[in-house]
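First the structure, in the form of structure tokens, and then the observations on it.
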Amino acid sequence: MEAVPKLPIGQWVEGFVEVLGQYKGVLFDPLSIVISAMVTYCSTVLAEIPSLILILLLGAAAWVFAGRASMVFTVIGLSLIHNLGYWDETIETFGLVLTATMISIVIGIPVGILCARHDTFRNLVTPVLDLMQTMPAFVYLIPAIFFFGLGEVPGVIASVIFALPPIVRLTNLGIRQVPAEMEEAADAFGATGWQKLVKVQLPYAKSTILAGVNQCIMLALSMVVIAAMIGAKGLGADVYRAVSQVDIGRGFEAGLSIVIIAIVLDRLTQYAGKKERNT
Amino acid sequence: SSQNTNTQIPTATVVGPIASETSDNALGEKLDYKIIGIDAGAGSMVKTEEVMNLYGLDKWQLVEGSDAAMTAALIKAYEAKEPIIITGWTPHWMFKKMDLKYLADPKNGFGGPEQIHTIVRKGLKQDQPAAYQFLDKFWWEPADMESVMVQMIDGKDPEVAAAEWVKNNEAKVAKWVEGIQPVQKEKLTLAYVAWDSEIASTHVVEHVLEQKLGYEVELSQVQTGPMWAGVAIGDVDGMVTAWLPSTDTSYLEKFGGQIKDLGPNLDGTKIGLVVPSYMNISSIEDLK
Amino acid sequence: MSKMKVHQLTKVFGKHPELALKLLTEGRTKEQIYKQTGQSIGVNQVSFEVKEGEIFVIMGLSGSGKSTLIRMCNRLIDPTSGSIEIDGEEIVDMKAAALREVRRKKLGMVFQNFALFPQRTVRENVEFGLEIQQVPPGLRQEKAREALALVGLAEWENAYPDQLSGGMRQRVGLARALANNPDILLMDEAFSALDPLIRKDMQDELLELQMTMKKTILFITHDLHEALRLGDRIAFMKDGQIIQIGRPEEIMADPADEFVRKFVEDADLSRVLIAENVMKRAEAITPDKGARVALQLMMDNGVSSLYVVDKKRTLLGLITAYDVSLAIGTGDSLEKIMKTDLPTIPPDARLHSLFPMMADLHVPIAVVGEQQRLLGVIVKGAVLGGLVGKVNVQEHQRAEVMSDGSRA
Amino acid sequence: MSKMKVHQLTKVFGKHPELALKLLTEGRTKEQIYKQTGQSIGVNQVSFEVKEGEIFVIMGLSGSGKSTLIRMCNRLIDPTSGSIEIDGEEIVDMKAAALREVRRKKLGMVFQNFALFPQRTVRENVEFGLEIQQVPPGLRQEKAREALALVGLAEWENAYPDQLSGGMRQRVGLARALANNPDILLMDEAFSALDPLIRKDMQDELLELQMTMKKTILFITHDLHEALRLGDRIAFMKDGQIIQIGRPEEIMADPADEFVRKFVEDADLSRVLIAENVMKRAEAITPDKGARVALQLMMDNGVSSLYVVDKKRTLLGLITAYDVSLAIGTGDSLEKIMKTDLPTIPPDARLHSLFPMMADLHVPIAVVGEQQRLLGVIVKGAVLGGLVGKVNVQEHQRAEVMSDGSRA
Amino acid sequence: MEAVPKLPIGQWVEGFVEVLGQYKGVLFDPLSIVISAMVTYCSTVLAEIPSLILILLLGAAAWVFAGRASMVFTVIGLSLIHNLGYWDETIETFGLVLTATMISIVIGIPVGILCARHDTFRNLVTPVLDLMQTMPAFVYLIPAIFFFGLGEVPGVIASVIFALPPIVRLTNLGIRQVPAEMEEAADAFGATGWQKLVKVQLPYAKSTILAGVNQCIMLALSMVVIAAMIGAKGLGADVYRAVSQVDIGRGFEAGLSIVIIAIVLDRLTQYAGKKERNT
């Protein structure tokens, strides 16, 4: 074993990154522009709305989707963030996380569906997912800066890389758990693959897929500090600043704001799945 | 390579005539009025904010990130020969790899030069007088440190680089351990952060402690905050990597009471705004 | 016209069907083969045809391959070998898109285990097939409501399947298949969870559908009476094979083997058999004959009464030995002494319907065809004999079935 | 002895049972109430008792609350109100631990939807109840194998439920309940997916169990013949209420209302009725009487034959009008002229079993009790009448049922 | 809203941390000892085995549990790590991740079960899980050092905090997805809560729970770099160092080693769930 010389994988990767860098304009700039626009759109739209009104709007949404307790929590939680003085940062973080989540959902659910349908595809995708979740963000953040510069964009990309896998995995799982008899019923009526998916598999797998979306949101939120390390604004930067200054209290406050966003989003997604039958 | 690079930037979105390109306006716009900083809340970041106020750089913005991100951004710009302004410090390997320069600080906003201090836990003096005495005496020059760092950047293991340096500087080392009674395999833990300068110094210290004083040293590579906290709670016996008075100032404030500061082990470090040499500005005032 | 043609259809569950089939030809039982190889014989070389508008009933032991067979007909299960033609089109190697079309337009299925969609309301379940065919919402709701009304669940349209009882769920599955209005209905124990009253309604509905819409129906059931009531033909399966196919009466009269015989021995024959099956030859005389001749005829045949018919065997009346012996004295003509208000029935009257009439009657019942033609006579003893399977299935009846495939 | 006592048991599905019950007393139908309030009436004030060793059959329309009722008996569903006693213990407010004991020791259940565990093999499924009671593996495997052999699935012990046909799955559920050997079996349409042959085997098994082990069985079925065959008593449910409870013959003879009448009208009575139900009074004479007296008796009663009995009504023989008129001439005693090899049957012979005998017979059949005591006579007309429900249920029979609850 | 003075949450937290610190000896030292022993045990046992033999052993395990393809991957992957010179670090990381995963499973599955059984408990636990996943590790790393010192122990604790929630969530989901009829069958036979759990619910929910375990492993592995920041040894430290020096190649190599561990563990857990029926 010792006989084999060390493979120069590191160099290959560096070479690869360099090559990629040459096609930056074609490969990454459009992506960069789109993501940047999305984040900006999300945060500016939200920032436009007066905080009080936004809090009430979100509270109302929570009421409709998730019931009264959630509404109370949403209003109190967001007010607390406001009180602590993290409102603007919260909006920025919202923008970042929503963008990352949306991208993850848009990519993750279809990929998860394909995984559920094709074993080979699943077998190919799984190690990639493992890689996405365990390759430390720090490792690819540096190349990400080469390609996307500092700021929100690499933050969103890192979040997507980390937060996408649970959606794929749980979509795959959920669809595979659909009982055979239900798929047979759909087949027997001549459903196309798409109809079977939309009318039978996805509705049945909903709670599992939503668990994936929930994990996705959580992981995206857990990346905000990392995102802050490459220049994304928002609560992550506050946390990081507080941490650098060994200010546990302030760090906790900013962290708490992230947690409140997490709980609000969690409520909304989880209950959205259940609020259907009212008997 | 400090040639004028302006004409080499094909993507430059220059508004004014070529002649005014060197004016702050053009540069500012090109840089989006961004100075690339390091970890939010780090001492040098706080200092830089102060300096920016001092010079009235209201239009400019200090981008928070991390040192790795800053370095990456610097490399990226440097390779493309694009302008960039960062918050930098020496000793740092980037000065070895790239041609960089500090912007002059006529108002002395960044204050005097930084020092690197040795910090040990309370009670080390009683528990391990030998190590304490050595750490107290440990003091060297930036040139010493850099010679270790250069070796490391060339691909040597830190241990090897440190051992070689000690071999080549027996006289200096002898002074550090002069009159100290070696011990029998006592255990000692040192913490350090994974920057080249700290890796270099910590490994030299480790080498001396083990070879000259008979200690068994364990090194713990950590982040700055945990490093200070580790010393403060006595989990770590000490470290030789505290940047004071600016960079690590908040840690000193927080943990000052729980540690013992043995004073500087290196003088002549520096923090400030750094640009590639090819850039056509030389003073912070030029940014206005 | 043959709607569906199944030829040498075989299904073995498992990875080495050849092995299982080989053992089968060596005479091993299904169970042995399963134990030995883990392969399970679903269906073994089955061939049959179903005609348009026919209700084809499949019966057989539990695990004999009925569900497997019916599920191969719409390719929910892919056959190991063999062919299935629907309207002359081969289904077995059909492309996905074409198969989808066939399933949408021609095939409806009621599942043994209902297979409802738990997250859809009852009405949404019933709409499913139409939704798949992109019928506009308004129309499909209407059709779904109609189908639900048909199965007696109109009020439950907004309930979810888990709020329904077993039988109600089964009816939702039924409505779902009916709403689609397919040519062919594949019904796997579709009425097994229904109570007798609703079941009878559903059977009537099915017969009505067959009559008015000429639906072709494959129907699996374990209820012999249901099979006899619905089936134009019945197939018996055992260990994956069809061991007998025939019209209900044929099967009752002539079970192919011990297994079928045991299967049908519990049947309430009075609901299957018709007068024709149990009638005896009617002794008759024309009215131009005299009383003496009549008496002689009675004594020759050992009967105490005679029917009076004209040349065309049109029934005119009945004379008894007692009346005849009187008439020998008075010289009255047979026409004068014969009784004319006789109980008569058509040849296809179900035996069961005769019981009330026969309970109190002291004369035999005449079976008459068109224009009161005397065909035979029913005596109580023969009815009781019929109930234990002593029946006469006539050749011409069989021939009739063969040629048009419909009920007599 | 009463094993189980259900009193005023009620279950309303939904959050406002009072509302639903109020509307119910106002005469709304279940469907209307469901539509109006979303509350669904499962069971409405049901009371009954089941005696030890009795098979109590529940029948009723789909959705009438049978499953709900039986599932309340082991508290799978918590009643809205009412009481259930098993062996004198109240179940309704029982603590969890005590309830568990009752469920383990006394109650076995076969589910309408089978409810097998998909991740367990067939044998592991059957072992489940024993496993729960911590029976050691060796013993429970043995018992499971026995139970599987009983339901004819011995070879399939290592298969998984999804590899079985519907009927096979149902039998696994059956074996699972039987393996546990509980006092009371709650069987919810436990045979609905079985073919007639296996079904009959299973019914026999159940009757055997009842006889030898004195099991008490609550049995839901939609098959009237099954109900008649198994049931010591049958309860009819409609809209959550029990509208009639009685012995099979009682219900056949005297349906409580139109609904029950329609339910039972399709029954093949020949399998329910016994000779007693359709026999007529037998005209008899003692042998010390002369031929003239006999002839006179025949003319008085309008019959052509008489039974000859001794003082204790022990059957001696049969005399016909023809023989008697000859004897008047010769002076022979009745004993001399009477026929002695007569067809006789016991009073509890099922009608169905008489058909072969009667088909070819020209004399009536004597019904005799112990020591050849003549009880009555069966004529063909009466049998046919019985088949359409003209039966005589005697008062003493009823009384008998009431007092010991067992089959006559 | 503006009228309400800023709540001094930060101060409360700091006060709370201080109070906790006073009971360190009682609260945290025993924990610390146990975790430390576990990590040390795992890594020393593994370190004792010669690398070649360990690779073959793991390959064999992969073959048995997950089939041939996994075996091939395991052997090649681990050999690659060896070749790259990260073997010792890999063993250390293994020790850390296995410990964190085991603790997460031991805590997470029971909590998930309770959540599935009691809605109220679930409603109380969910926000805590949200907090655990989204409160940035950086915020509690310094307090963690106060309680547990530097090294593996706080690393394991941070990993558990981050990696535990998916197990709880997916155990809860999996058990809630068990069809009512199956639970009824268990009830009808007089199963105790425990029996129902062990014999019916857990087996049925297995694939969902395993998805939780998988996520747990992934997240624990994703924490190794954070753990390295507080002195845990292993691959995380290499990544961290490489990143500090903007050495993309070396960072990638160390990261790749983490990914290989992830894929190997993923294979083992996922297929373990399926390898049961062999018809």
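Per-chain residue numbering starts at 1, and chain names A, B, C, D and E are given in the order in which the chains are listed.
Following the convention adopted for this analysis, contacts are C-beta pairs under 8 Å (C-beta built on N, C-alpha and C of every residue); 3 or more make two chains touch, one makes a residue touch a chain.
Given the structure is predicted, the values throughout are model-derived calculations rather than measurements.
Would you kindly count the fewest steps from chain A to chain B, each step being a jump to a chain that touches the current one?
Graph distance in the chain contact network comes out at 1.
Identify the chains in contact with chain B as well as chain E, in label order.
Shared contacts of chain B and chain E: A.
Hey, how far is the Cα centre of chain C from the one of chain E, in Å?
Averaging C-alpha atoms per chain gives centres 64 Å apart.
Once you find the CA centre of chain C and the CA centre of chain D, what distance in Å lies between them?
28
Determine the centre-to-centre distance between chain B and chain D, using the mean Cα coordinates as centres, and give it in whole Å.
Centres of chain B and chain D (C-alpha means) sit 95 Å apart.
Return the residues of chain A touching two or more other chains; collapse runs of consecutive numbers into ranges.
As it turns out, chain A has residues touching two or more other chains at 138, 141-142, 240, 242-243, 246-247, 279.
Would you please write down the residue numbers of chain D that are in contact with two or more other chains?
Those would be 113, 159, 163.
Touching at least two other chains at once: which residues of chain B meet that condition?
Within chain B, residues 68, 72, 75, 225, 229 contact more than one other chain.
Give the list of chain A residues in touch with chain E in this complex.
Per the touch definition, chain A meets chain E at residues 1, 4, 6-7, 9-11, 13-14, 17, 51-52, 69, 79-80, 82-85, 123, 126-127, 130-131, 133-143, 162, 165-166, 169-170, 173, 176-177, 207-208, 211, 214-215, 218-219, 221-222, 224-225, 236, 239-240, 242-243, 246-256, 258-259, 261-263, 266, 270.
Under the definition above, what is the set of chain A residues touching chain B in their complex?
Touch list, chain A to chain B: 138, 141-142, 145-146, 149-151, 228-231, 237-238, 240-247.
Residue numbers of chain C touching chain A in their complex, please.
Within the complex, chain C touches chain A at residues 71, 74, 76, 99-105, 107, 109, 111, 113, 115-120, 128-129, 131-133, 159-160, 163, 180.
Quick one: which bits of chain B touch chain E in the complex? Just the residue numbers, please.
Contact set of chain B toward chain E: 67-68, 71-72, 75, 93, 191, 193-196, 199, 220-223, 225-226, 229-230, 233, 235-236.
Show me the residue ranges of chain E that touch chain D in the complex, using the header's touch definition.
That would be residues 181-182, 184-192, 195, 199-200, 203-204, 206, 277, 279 of chain E.
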